[in-house]
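Chains: A, B, C and D, in written order; residue numbering restarts at 1 for each.
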Amino acid sequence: MLDINPDKILIRYNVKVEDNMTADEAAEELYPTDNQIRLITKAIFEGDEDEVISCLKIAMDDGLDPLYLINEALMEGMEIVSRLYDEGIIYLPDVIISAHAMIDGIEYCKEMSNIPLEYNKGKVISFVVEGDIHDIGKTIVTILLRANGYQVIDLGRDVPVDDVVEAVKKERPLFLSGTALMTTTMHSFRQIKEKLEHEGIDVPFVCGGGAVTQDFVSHFDLGIYGEEAADVPKIAESILKGLNITQLREKFHRH
Amino acid sequence: MTKTKFTRMAYNSADDMVFGRCKKPIKTGFDLEIGSGSTIPEINYAPRPEASKSPEKLISEYDRITNDILNRMIQLGVPSVVLETEHVQDMTINAKLGSEIAHIQKTILEEFYDEYGIKCGLRHTIADIRERKNHLDLKDGRFSLLMECFDSVASKGADLLSIESIGGKEVFDYSILKNDFRGILYSIGCLGAIDVENLWLEITKIAKKYKSVPAGDTACSQANTAMFLAGGLLDKNLAHTSAAVIRGASASRSLVANEAGAIGPGKDCGYENVILKAVTGMPVSQCGKSSSCAHSDIMGNLMMQCCDMWSNESVEYHGEFGGMSVQCWGEVLAYDCSMLNAAIETGNDKILRDILMVSDRYRDPQGFILSYDNAYEIGKEITNYTDDTYMRTKKAALKCCNLLIEGSRNKLNLSRFECTNLEKLRLELKALTDDSDEFQNECLDEYTKKVRGFIPGNYF
Amino acid sequence: MTKTKFTRMAYNSADDMVFGRCKKPIKTGFDLEIGSGSTIPEINYAPRPEASKSPEKLISEYDRITNDILNRMIQLGVPSVVLETEHVQDMTINAKLGSEIAHIQKTILEEFYDEYGIKCGLRHTIADIRERKNHLDLKDGRFSLLMECFDSVASKGADLLSIESIGGKEVFDYSILKNDFRGILYSIGCLGAIDVENLWLEITKIAKKYKSVPAGDTACSQANTAMFLAGGLLDKNLAHTSAAVIRGASASRSLVANEAGAIGPGKDCGYENVILKAVTGMPVSQCGKSSSCAHSDIMGNLMMQCCDMWSNESVEYHGEFGGMSVQCWGEVLAYDCSMLNAAIETGNDKILRDILMVSDRYRDPQGFILSYDNAYEIGKEITNYTDDTYMRTKKAALKCCNLLIEGSRNKLNLSRFECTNLEKLRLELKALTDDSDEFQNECLDEYTKKVRGFIPGNYF
Amino acid sequence: MLDINPDKILIRYNVKVEDNMTADEAAEELYPTDNQIRLITKAIFEGDEDEVISCLKIAMDDGLDPLYLINEALMEGMEIVSRLYDEGIIYLPDVIISAHAMIDGIEYCKEMSNIPLEYNKGKVISFVVEGDIHDIGKTIVTILLRANGYQVIDLGRDVPVDDVVEAVKKERPLFLSGTALMTTTMHSFRQIKEKLEHEGIDVPFVCGGGAVTQDFVSHFDLGIYGEEAADVPKIAESILKGLNITQLREKFHRH
């Protein structure tokens, strides 16, 4: 059998650019200085839900406000996680584990709060189009949105056009996130958009998934194309900031 | 009960495996011989978005696609070709539609065969429509619908029958995002294996009835999902070492189709096929470099190493400067095959195989695992545990870990992250019980609780 | 006056020619070395129809294309890459637009080079805008406009400078449709050669000024027009034997660029480059199989035989399942090159070269003529008549005829039509005078009368 | 150097399907029986213009009408040529040579006619779009149309949009034949179409050339896509027969 010196024919850029820092070290640099907050963010980063809860408990016992803790500790921890994921230092499963810890933390804060606490940055509806069963991308989108503090209503896969429209009418979300992986199913996007228009509903419609192209999405007015699941929370933030469709496209259409 | 048991490897040594030739070649279609001394392009396509607006449009789309492909093959002097039509849901649910398309395609193939003598055949890959909005429905109504469709496309002349079955998908989707290898093995080695057997015992009967070929399955819903999550070198959704181990393990699941009567060529997207070829000696279809229209992998050349058919997986039908997309990609495949065939005819097949293999062997853990020598070793693990699909899956997975660890001491340059992941993975796998019943019982419990939509009745 | 004379072959024997290595490698761009031991993918692209609506849109289109390509190369672990931007008219006429695009692309290359160390470079192929509605305007205003554009893209960092020059096109277009080989030779060997020399003496100066590489020309407007007219095996617009002879003859024209100072790698679409490599020892870019996005030829593998860069010629920028088109085709190229490079590194380059060559050698007369051994023979004819571009063109054409006739007695299976055509052609060529002045005077007269739009002042 | 037995890896289908008949034999089977007419059609097939004229002269001396000769001899001969080209028995240069002989013949008939004779099946305008210099396809289209009896106004290459529109307004052709080989130039088609619509002119617009795709052409109403130059005379005939755009597309859109 032949063998080869691979350095002559390829470069493993992942190895080449791997930071000398470990993920833990990189996170360490980002934790807030306040020790109590620091412990919570660290527990989020490590995805240790038990530790999150017990740290939260101590902090509350020390008089810190649940809402304050959500914003300054839990969300902060999750931001570190998202940032390190974006920078390629940690991987998706880490994000998912952290997200669960954070969600548990938020639940706990809500429970412990005196006033009713409805914490979320906004409501998002997420679905896979009719006729399409490829749903793992949608699942990732959903998780990342939740990890970033959004309330996601996940309609599942193979969702009929009318069900999507109904849900939008009922929930009036911040935006709609649709996934399609097949050329034969993505025309549902157009139908949904037309029906929404007909109802006079003007909600940003973010579309993605394997077969969906920017060109296809660009053809309808409400559409914003996103390439990666990790784009969705960024798009969400821009929507929150009030960017309109043209601006959103300017920012997120890469091709 | 499954019919065939593969208790020993079809080849005495890994080095006996080459492209274009296998131990159990098959004949089908119009004069087609698969695996008996030459490689054959297998061209795949997806209709344009507009085409699914009506059944008439869809039918005419496949008509055009088929003509375009065959015309180009004639223009280039290509001796043989296979067309693969992957059903979209409508075509399977509405079996009349699917079979009408099969009929039209087969008629066109026949015309070209009559006029030019081009050897050709048609594969139909039925859509696995047993997935509902929130759960799988593997055994009941949808199962019969599937079989109805197989029956009708076979009756209308589809030469090769395939499916990308989804048994185990619910547990897999849950586990993969958590890197939970216990769930992953359960999905592949237990649930998947059970479903594949159920399916292929039936498909084989239908194939027999119409003298079509029960060609095979793929662990697409597990191993390819993992491969896609793993992505390119810089992607961060899944460690490539995990994807490599899942690939190796998935051979155990795909093999069940052959045990139940499938005789190859397995589906192109089954990158595990090289392991199957080593075990069964049956012909395989593969994709890689020339399916970059459909997806990007990091073992594009390597996948040619032992292929009998060479496929582009799928391309949307649309225009390019060089003709319609199916013609352009079909042309790439045809030249690739011509190169392979020229190597065979000049007695240089093994050298070319090795060139192709080493060009990707160290590019990524996935390619390393699928290098034919390593694939062969994984196959051996599987044949050692013929009767226990759990154990053979676990052993295959462990073998992958060990191969990777060994490789990383040599020229396989893993990232620190991949090394850590690999070690964790190996320990996790090692810690699992060897007792299949125990494992299954525990998992049944655990995942029924954890995975919404996991319905044991689909399997047991 | 031209500078270099190629009076003898750069290689002692045809067998010394391989892919990835040439006698006169060059260094350019970011750490790029072309022809010094590995092959490099050269990726080409064309903007979407919408993108030409405004300069801003066009600029941003190239920005996106460049980023997409480099991202994919990193994801795959590709060590080096060249990007080629073929200007459309606007970019050349409006030199600021062309050079702005060069600047943006070069900046992106630099970013990737800095971050990942990927070796890379940028070719700009200026549009030959000297063709007006009803005539050519080769020497006057449009010539200066051309040079202005070369100057400004070079100043903005284009590493390789090229053009597909159109000298001789008017007479060629007239002659080719009549199969008039007298006019064809006049176009290629006289008019074309004169114009190429005028052009490249200037381009070379500009390249020197900015330390960019004067890379080379192509006989696209003659030999590729013929190849396209010839088409696939069943097309009936031009005999493939004619196209083969035109290809062989066209090397004589393209070579003039190297005589005037171009140092390679010649343009991808110059299928005659293999002859140029044999004569000059300079690196070449080629396209074939993996440019089926751009056009279909019938020597897709063979063209890899001696390439130093490997190109897709051009693909419209648009989405595919596997990413943007430039990524998918770039991936194919990258794997092709990886295979070639693996062959080099394992010492199997000559075997692979031969496999690629024989896989197309007998597919079509054009491939037969360009098989490296035959190409070498044609090169010898050219070096025998260094100082007379007419005679060397005629001799090259005659050599092609003889090679084909000989080939057809062996394994090259010509159709009856091709045989007849070939014999007619050979007699026609043989009947032509050996006196270059006589030939040129007669043709000048004849074609001034026959070809509307042929203005001798463009050349003399 | 390696060598190979090519039969193992490829099939030269052109050789395989080549008819046993020579082109001459095939033509022989198609000539009309009337000897005078036969000689003229044969001269057309052979592209022998002198022979065409001398045969015509004899026929007229024998009292045959020039218009009759155009229709029954010259056009008939050209039809044989076109048919054999379509069937792949003869090549384009043969067609071109025959076409010239036929055109000479028509000129001669016109001269000899007592009544003024304006012979053509219809007027066609042919051009290459602005910014595009790839013109050989257009030249072929023009030749084949002329060979089939149409009067073609060839506007040349790199023709500005307005020039095309002006020409159409002035000439009112049966249809417009446009060629484009580059993605960056073919949007001229759309502009031309819009301007024509604006002027209220409803002329079929047949488009072709390397970069042009059926999908692109399908997006505008007047457009019919043709893949090969040889399609154009067939499209012309269908237009003469009164097929509308939908029917034309049905018939000629292959992809």
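What we mean here is this: a residue touches a chain if its C-beta (ideal position, glycine included) is under 8 Å from a C-beta of that chain, and two chains touch if they have at least 3 such contacts.
A quick map from chain label to UniProt name: A, D = Methanol--cobalamin methyltransferase; B, C = Methanol--corrinoid methyltransferase.
All figures in this text were calculated on a predicted structure; none of them were measured in a lab.
Engineer: For the pairs A-C and A-B, output the one whose chains share more C-beta pairs in contact.
Structural biologist: Between A-C and A-B, the larger count of C-beta pairs in contact belongs to A-B.
Engineer: In whole angstrom, how far does the Cα centroid of chain B sit from the Cα centroid of chain C?
Structural biologist: 40
Engineer: CA centre of chain A versus CA centre of chain C: separation in Å?
Structural biologist: 49
Engineer: Between chain C and chain D, tell me the centre distance in angstrom, where each centre is the average of that chain's C-alpha atoms.
Structural biologist: Here chain C and chain D have centroids separated by 32 Å.
Engineer: Which chain D residues reach two or more other chains?
Structural biologist: Residues 2-5, 9-10, 12-13, 17, 211, 216.
Engineer: Can you list the residues of chain B that touch 2 or more other chains?
Structural biologist: Correct list: 46, 48, 74, 77, 233-234, 316, 318, 321, 338, 341-342, 346, 348, 351, 354-355, 358-359, 363.
Engineer: Considering only which chains touch which, label the overall pattern as line, ring, star, complete or other.
Structural biologist: Chain contacts: none of line, ring, star or complete; other.
Engineer: Going by the touch rule stated at the top, which chains touch which?
Structural biologist: Listed in label order, the chain pairs in contact are A-B, A-C, B-C, B-D, C-D.
Engineer: In their shared complex, at which residues does chain B touch chain A?
Structural biologist: Per the touch definition, chain B meets chain A at residues 15, 46-53, 88-90, 131-134, 166, 173, 176-179, 225, 229, 233-234, 236-239, 316, 351, 354-355, 357-359, 361-363, 373, 411, 413-417.
Engineer: In their complex, what parts of chain A are in touch with chain B?
Structural biologist: Chain A reaches chain B through residues 1-6, 9-10, 12-15, 17-18, 22, 85, 88, 90-93, 96-97, 131, 133, 135-136, 139-140, 143, 156-159, 182-187, 211, 216.
Engineer: For the complex, which residues does chain C have touching chain A?
Structural biologist: On the chain C side, the touching residues are 38, 48, 64, 67-68, 74-75, 77-79, 115-118, 317-319, 321, 324, 338, 341-342, 345-346, 348.
Engineer: Taking the complex as given, what residues does chain C use to touch chain B?
Structural biologist: Spelled out, the residues of chain C in touch with chain B are 46, 72, 74-77, 231-235, 288-296, 298, 300-301, 314-316, 318, 320-323, 325, 327-329, 331-332, 334-336, 338-339, 341-343, 346, 348, 351-352, 354-356, 358-360, 363-364.
Engineer: Could you pull out which chain A residues touch chain C in their complex?
Structural biologist: Within the complex, chain A touches chain C at residues 2-5, 8-13, 16-17, 210-211, 213-216, 254-255.
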